[in-house]
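Input: structures, listed below.
In what comes next, subunit A is part of two complexes: it sits with subunit B in the first one and with subunit C in the second one.
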Partner chain A sequence: MSLASSIKKARYRFFPDHIVGEMLSKSWIDNAIPFAFMIVVVGVIGLLLPNFFTGSNISILSRQYGELALVVLAMTTVILVGGIDLSVGSNFALANFLMLYFLNLAHLPVGVSAGLTILITSGVGLINGLLVGYLRLRAFLTTLVTLIIVRAVVDLLLLEYAQDMSMSFYSSPLWDMMGLGGVWIFPFSFVVLAAVAVVAHIAFSRSGPGWRLLAIGGSRRSAFNMGLPVKRIVCSAYVISGALVGMAGVLYAARLSGAGTDTGIGLEISALTAAILGGNSLGGGRGSVPKALMGAVTVLVLSNGVLRLGLNSGSGPMVLGLALLFAVFVDVRWMKNRHKLLSKVYVSPTLMEMPDPRPTDKGPFEINDRLSDVEVIALGEVESPEDVILDEDDNLYSGNRHGDIIRYFAPDYKTHEVYAHIGGAPLGMSFDRNGNLLVCVGGMGLYMVSKADRSVSKVTDETNRSVFSVVDDSRLRLADDLDIAPDGKIYFSEATIRYEMHDWPVDALESRGNGRIICYDPATKKTRTLLKNLVFPNGVCTAHDGKSILFAESWGCRINRYWLEGPRKGKLEVLADRLPGYPDNINRASDGTYWVAIMGMRSPALDLALRMPDFRRRMARRIAADQWLYPNLNIGCVARFNDKGEFLESMWDRYATNHPMITSMREHKGWLYLGGITNNRIGRIRLEGMNDGWSGWSSYWGGSARGQA
Partner chain B sequence: MRQTFIARALDRFLGRGSASVTVPALDGALKPNSRLEDLPAGIPAQAPDSIVSWRGAPLWSEGTKLVSEDGVKADLGSGITALASRGDRLAAATLAGELLVLDGGLKPVTPIWTKPVRNVTALDFGPKGDIWFCVGSERNSPAEWRRDLMEMNRSGQIGRAEPATGDIHIVKHRLGYPSGIAVLENGAVVFSEAWSSHVAEMAADGAMTRTVLDELPGYPGRIQARAGGGYWLSVFAPRSPLIEFVLREPAYRKAMLREVPEDFWVAPNYFSGKSFNEPMQGGALKQMGILKPWAPTLSYGLVIELDDEFIPLRSFHSRAGGRRHGITSVLEADGALWLAGRGSDEILRLNLADDGAAA
Partner chain C sequence: MKFGGRLKYVSQEKIVFTITLVMFAVFAVSLDGFIGTSNLLALLRSVAVLGILGLGMLIVVLGRGIDLSMVANMAISVAWTIQLVGTGMPLWAALAIGLGFALGMSLITGILVAFAEIPAIFATLAMGTFIYGFGRAHLITGTDVVYLPADFGWAAQIGQGRLLGVPIPILLAVILAVVVYLFLRFSKHGWNTYNIGDNAQASRITGIAVRPTMVLQYMLSGTAAYLAGLITATAVQSMNTRIVNSNMIYDVILIVVLGGVSLSGGRGSVRNVIVGTLLIGVLVNGMTIMDIQYTIQNVIKSLILLLAIVADSVINPRDEQTGQQGDI
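Take a look at the complex of A and B:
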């Protein structure tokens, strides 16, 4: 049993499931299947053919690859814009013929010949483009017709000139270098391809025209509606296709110097297979140059391999056809199911062994009704006051879920105004030395409302990115609570980096260390992550002596201390654990102790489930989210503890009727004010035996220059 | 065997077939309302369970006692798990494993039975004075019904006792917690099988069983004949996808039975929301101080009116967050429906004349 449980522990420690979901959410995951397929094909063919990986073979292959990949890029360009170009094969043959014609019979220099050839094949592309782009003919039929006509033209020309061409033989250093030589170890065609690929990649991924082309492929109608010149861009895609095919034809001519009737036969099928096999979507709009290049490798190795394995003559096309079928199948199924898969595997619970909770039938957590006669403020007028805070003039502030900071006027809090509008849900709040209000805003980051003119400004919304995280975790997703150290540094918690504001309780189902403590230094304006892998870090509070910060790990049911100075500087220690509920905000009490809000209570059934991550994973997949086992966030309490982590008392509303749940509390001049994130009210209760003159702001900043007017 | 294993593994992996956790919707005649919740306060009662008509007035069981509107009528010494009456005879079953027959003065006239009868959940008199009984489970007493569900037992029985001779005949075995029984005029027997969420009919000898009402959204309990034909069916607890899911998770289920106190199980109950240690489901998170009535819940109040073909006609509900949950037994008398509210500890009275009796 213990062996089994330690294996289970190790499994969840070293194979964190959430990586799968995070990888599925990346756009490069589209490359995974084509890449794997390419590796498998190269590996298998390489094993079957003895001298496959030798230098000479690689060199021959890469020279062919340069030509094929250019054609594949041509096909990809057209596919991306939502079309198809079947004429690449005969256009290729045309380019081959023209190049040889210009050199051998017209006796033009190599450069001029190549330029003219590419111009003419671009012209063929232009005809396609005009028909498809401007006259709105079907791409498939149009290019099929071009395929036949151009092929017929080539055959006619061959009939006319083949004999003459075979009589003469053109040779020049440049031409020989194009056909046989290269740059360093790379064949010429490969170098050309590399240059074209780099330009094309930048164009598709980082340039306006490339993005517009992809936009048209993704949704032609939307692209039109937003004012893109659809016809022109579609047309130019075919022209580019023609030009690339022309380049490939020139290189082919340089390599073989022969014009035959079978040049480029079936090339359109190879190119199409390669483009789709690489992962470019046949429907358009999704694809990239690397995908095209991967597909070209697969097709080249596959067709070469089949040829050299000496299989029957029909087997080459057969293998290609099957590969195309496979590619289309994967394309369709992947596109359809990727998001379904992602939503199913995103919630990835981990192993969490909860120690037995402290008792609630005796001791400091004994249930009582001390909160049942809470005075209710703004009942029905405020929604989601996660945190509450008071200024030196006794005015009360809270956030609401409409993105405002509301100010309630002392002394009776019966009237209120919108103090500032932020736009995201304000969570933890704190006043700085000058009376500016710092606010953690869910989904936005750390913001400041200035005291002088109530203007809202962003303090920070990103931190340093972790080195080994799959997803970019630099952006703050759920900044939760903050506090300010005596030196002005702002310490705040980000509860989870995997869930948004509206489904934060789902993080409890995972109970992984998804959160972190972050520090913002106003002196350098730098934000950096101090502590990672915390289990829903929540309330942050600077200790009374200013030498450490206290923060709660909600789903871990514990309160930690992080030392800012002193002999244990930089050390993290558990101050109190085994809480009977989930601790939320922590704030100072007037007598040198601390208040902590317990936002919900543990249930034995959930504690048991936390030990069984596979149970929770299946639960997340099988049943609807509103049926999931949750932490009980409908009832909680307020507790008080001291610097040693000893709990002194707790205050409950036993049936959670008057003040249903509590996520924060502030002591102010003998009263305790209560906030709750799912509440429509703020509560306050008179404290017995606490200092009636004490306020939070003066506790932090009262000793220094009084900045509040 | 191999194929079943593969098929089951596949179902489990894909969450369909035998592993799907769907629950029938509250629809049609079962459309939710708040009729039970809106009832005025009833007669306070400690865990009332079974309610019958005794000498023209309702008589119900509260723990070990038999109680009527006038007060305690008798104390049987052990928790009463089922009642039935006919003329001047009252049959009662207790947690101690007794099947008692009482006369008009509620004095025991129990014959010596040939076999012990334990864990009785429901009783009814046959036309000839014989007593039909449901044994919920051979393993667990009616007080342990939640454990019986979580253990997924199917060890219930239906039998007939002859007070004249003391003979006991077990007519049917291996039932999923039979918990309600009614003998028809023609001698056929209708019974509810809670863990199968259906109501079935069989001949007096146990043959020719057929399901008459299927796919109930809860666990059906006692069946009471309606004045003028048809039946009342009390559904004592709701089904929910989470419970269905937990039932399909043996490792979790067994660990829960072993380690978690019974009150805090993920299991249906007569009442819920009394302790914060009870499991809570996502949809039951209160927003702005309100628990939505369609929130997932482990307890519910539901009484269904059936016609004589067992087609539901209408229903009375107490929804999530309500108090009138766990209706274990009903009795129609003088145009009113008397309900044993196990979850709210009261005897409720619902005036049927208020909304023109259906059909």
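Take a look at the complex of A and C:
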């Protein structure tokens, strides 16, 4: 093997391409860019300023951070509901002034002063809320006007009282603690922020009011049409904003104890920049408290750093302006292209080197016409019977794509009824000891139809979550075949965890081990994953001796054996590989061998493409999905093999007229019943030389079946 | 709807114009010296700059945009021009460089809005902050105010000169109003500005070059800003860059919105801006004569703006069903 191909092999073996797509599909990826930006900003400023990471500096910064982040949270609340609040800057100045006024001139206690201040700033928020929420004015212009008016009011008040205020100096232990002290090593404002942030985070992510607020931001029209009190909620967002700004203003007053005309000037731009830099979406609906906090860190460090670097006066606004532009640009582009990007990178083909197939011109796979005289059942009356099964009374069962289990009555199968309706897409089936029908349902999980009253119940639809999986893989996406071991444990396969059922061709294009074998134990009612990273596992079948299960890996064109007991317990081995097509269901034959359905044949072109993952990746990105290379599922065969993995015979229908496509087969009393997922019929063919009395159920559960070996 | 139907013929423009006339009449009767020619010329002259900025803003607003960077662009480009002349550069070269700077900045703004698809409010807000910051950091360092050099040549006449007894700023504002009117009424790009403001998607489908036209709108507003800046600077012999931190940009929006130009784009004309400008002119002049404090003037102007947009929303209510997402 050449070095290049070794490198290629190692690269596809060890580099998890699919992680990129899975990460993009997570909602926390929205935080990645803001977080990276925050780290870069803090890192660069930290490097440029020698004493940046010292304790005292961090302490000073975190005190300012408490105030700024409260204002950013105020802005975020309003942005989330789909508005904007430009009045935060002057409202902040108003709070600062009022707090100092109440303390110094009205001589009120700290608690009362703070309460009154927050009440008044909430009132300003209420005015905004009434205008924007109830009168439906434009948030930007309205809050712009309140910005000007409140600023003018503050200026007037300052003219009136500034001199008196500078004369008196209020001091009390509580007030000093608010401005200078804190709790343990944390400054007071930081503690307040932490408390507010926790409450706000729970409110936004886990409470009804928070969800309703986000719903309005996401789509005001839909929220209105579903009957949410849009006006009231929008209004209350502005009131909350006013209250939070009031708190920030009180803390600012405690820190500096001075009222100047420049208090809070431009704060609205800083807060807006922070909210957007953190990754909250303009226009509402998408955002969170952690995003606001991240954005606040970035803006605080950025503006503080520029100031301390001693650059000239314009640099602060310049950097802030650039940061805002950058943030909005990323926000707009990200929102617009995220799904495009996801759909482009989600499909991540991997290297799959398939050995040459067994010959079909001689040997057990030699093409013949043994299936050409299949008897056809229910022609045109059933859609996509993926699996077929028969009970002890010779009745025939199959699923269909409408989510029903259909029962065809013995002996001629000319009449049928809906045995049970499950929903989803019923795939593999199996009878348990008591005659209950267990069904793997694509998109739903493992279900049971009870024999007694045909009631449908869920057996399991989730398994243990993988520790290192990016996406939550606990939910079953495509359970496709099952079998029951002698001890009653149910072994079933999940073909892929990355795609829904109708996207199976894309999984074939990836040919990554996306599937798994899962075991459900009825004794403990626990479901756990046994084997992972299987290439479209399928067709689970308990061996005749009950000591192992056999299953096919469809896109891998091989049949595996997994030992349940004996010396090799827990080991997985390849029983037969190099199949000429894609194996699907495996079932027992009456003579101690096994039937396997080959649902489609390999083609040299796809085999070659599987060796060229880059080619398949380009294909998936650049051309329409209906023009991709897919496995051919038009024609196949039924083959029989023994416990050693030796193939004994195969049955083909060369002209593909009677029963073109086969995904499953069951032997029952001398007949072989055939199902195919793209068919509109069920087939059966008389078997020569097989046991006429043998049935699947009795092989599993009848007589001494349990201790056959 | 009933309310709107009853007020069908009572547009905001007519209300504002009526208020202007009433206020004019009241001031004329009650205030000494209000009605005199010199005061009226002073009145017009005082709002000429605002009117010119309003005309630039009009073009952008008609295309469903907004330009909050106008005042910053005006202050920095003109201050830099003056500074260049002060350091000995020929007048024409300095003027060209200043205009080039203003156009360059508005070109960037336009590209950010049209091609990068950043909402106009944020693009222009950020550009305004950036222009001011960049100017103060790299162009006009050390001082807030740049004074007009003694030898500013013919350009000094822009703000100070008179033609046939009429101050040149007023003439310039009138000429510009006519030019903008002709542009919007008769030129292809003017028409397309309305079309884009009405429905940008449909305009795009019909084959209008939506993005370049939007860039053009911002460059026109940048030109208006530069002209307004030259008038301001030559009139008061200096350019104070701190004007960026004032409420001036809100005054510009005020006159545009007051006159009845819809911020959703596509509705309005030069006439609306003239009406808005006159109201503010009369109001400010009257209040100045009455010696009302500047801060209180701001409050009154803001309240009037608030009333105007409340009236707008009552007459043209925004429906929950047709409201646009993200339209803030």
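We adopt the following convention: the second predicted complex is superposed on the first by the 702 of 709 C-alpha atoms of A that agree within 3 Å, B and C clash if a C-alpha of one lies under 4 Å from a C-alpha of the other, contacts with A are read in each partner's own complex, and residues count from 1 in each chain.
To be clear about the criterion, a contact is a pair of C-beta atoms (placed from the backbone, for glycine too) under 8 Å apart; a residue touches a chain by one contact, two chains touch by 3 or more.
The model shown is predicted, which means the values in this text are computed figures rather than measured ones.
K.L.:
Classify the contacts of A:G283 with the two partner chains as first (subunit B alone), second (subunit C alone), both, or neither.
P.N.:
So A:G283 only meets subunit C here.
K.L.:
Just checking: does A:T463 make contact with subunit B only, subunit C only, both, or neither of them? Give me first, second, both or neither.
P.N.:
neither
K.L.:
State whether subunit B or subunit C is in contact with more residues of subunit A in the superposed arrangement.
P.N.:
The partner that reaches more residues of subunit A in the superposed model: C.
K.L.:
Figure out whether A:N304 sits in contact with subunit B (first) or subunit C (second), or with both, or with neither.
P.N.:
In the superposition, A:N304 touches no partner, neither subunit B nor subunit C.
K.L.:
In the overlaid three-chain picture, which partner chain does A:S87 touch, first (subunit B) or second (subunit C), both, or neither?
P.N.:
A:S87 contacts neither subunit B nor subunit C.
K.L.:
When the two structures are overlaid on chain A, which partner does A:P317 contact: first (subunit B), second (subunit C), both, or neither?
P.N.:
In the superposed model, A:P317 contacts subunit C only, not subunit B.
K.L.:
Determine, under the contact definition given at the top, whether A:Q627 touches first (subunit B), second (subunit C), both, or neither.
P.N.:
The first partner, subunit B, only.
K.L.:
Go through the superposed model and pick first if A:L144 touches only subunit B, second if only subunit C, both, or neither.
P.N.:
second
K.L.:
Figure out whether A:F329 sits in contact with subunit B (first) or subunit C (second), or with both, or with neither.
P.N.:
After superposing on A, A:F329 lies in contact with subunit C but is clear of subunit B.
K.L.:
Which residues of subunit B touch subunit A once you look at their complex with the stated criterion?
P.N.:
15, 19-21, 240-242, 245, 249, 251-252, 255-256, 259-261, 264-266, 276-289, 291, 295-296
K.L.:
Quick one: in the complex, what on subunit A touches subunit B?
P.N.:
Subunit A reaches subunit B through residues 383, 505-506, 601-606, 608-609, 611-612, 615, 618-619, 621-635, 656, 660-661, 678-681.
K.L.:
Please name which positions on subunit A make contact with subunit C in the complex.
P.N.:
Touching subunit C: residues 82-84, 131, 135-142, 144-145, 148-149, 151-153, 155-156, 159, 219-221, 224-225, 230, 265-266, 269, 272-273, 276, 282-284, 311-322, 324-325, 328-329, 332-333, 336 of subunit A.
K.L.:
Using the touch rule from the top, collect the residues of subunit C that touch subunit A in their complex.
P.N.:
112, 116-119, 121-123, 125-138, 141, 245, 247, 250, 253, 257, 263, 293, 295-296, 298-299, 301-303, 305-306, 309-310, 313-314, 317-318, 320-321, 323, 325-328
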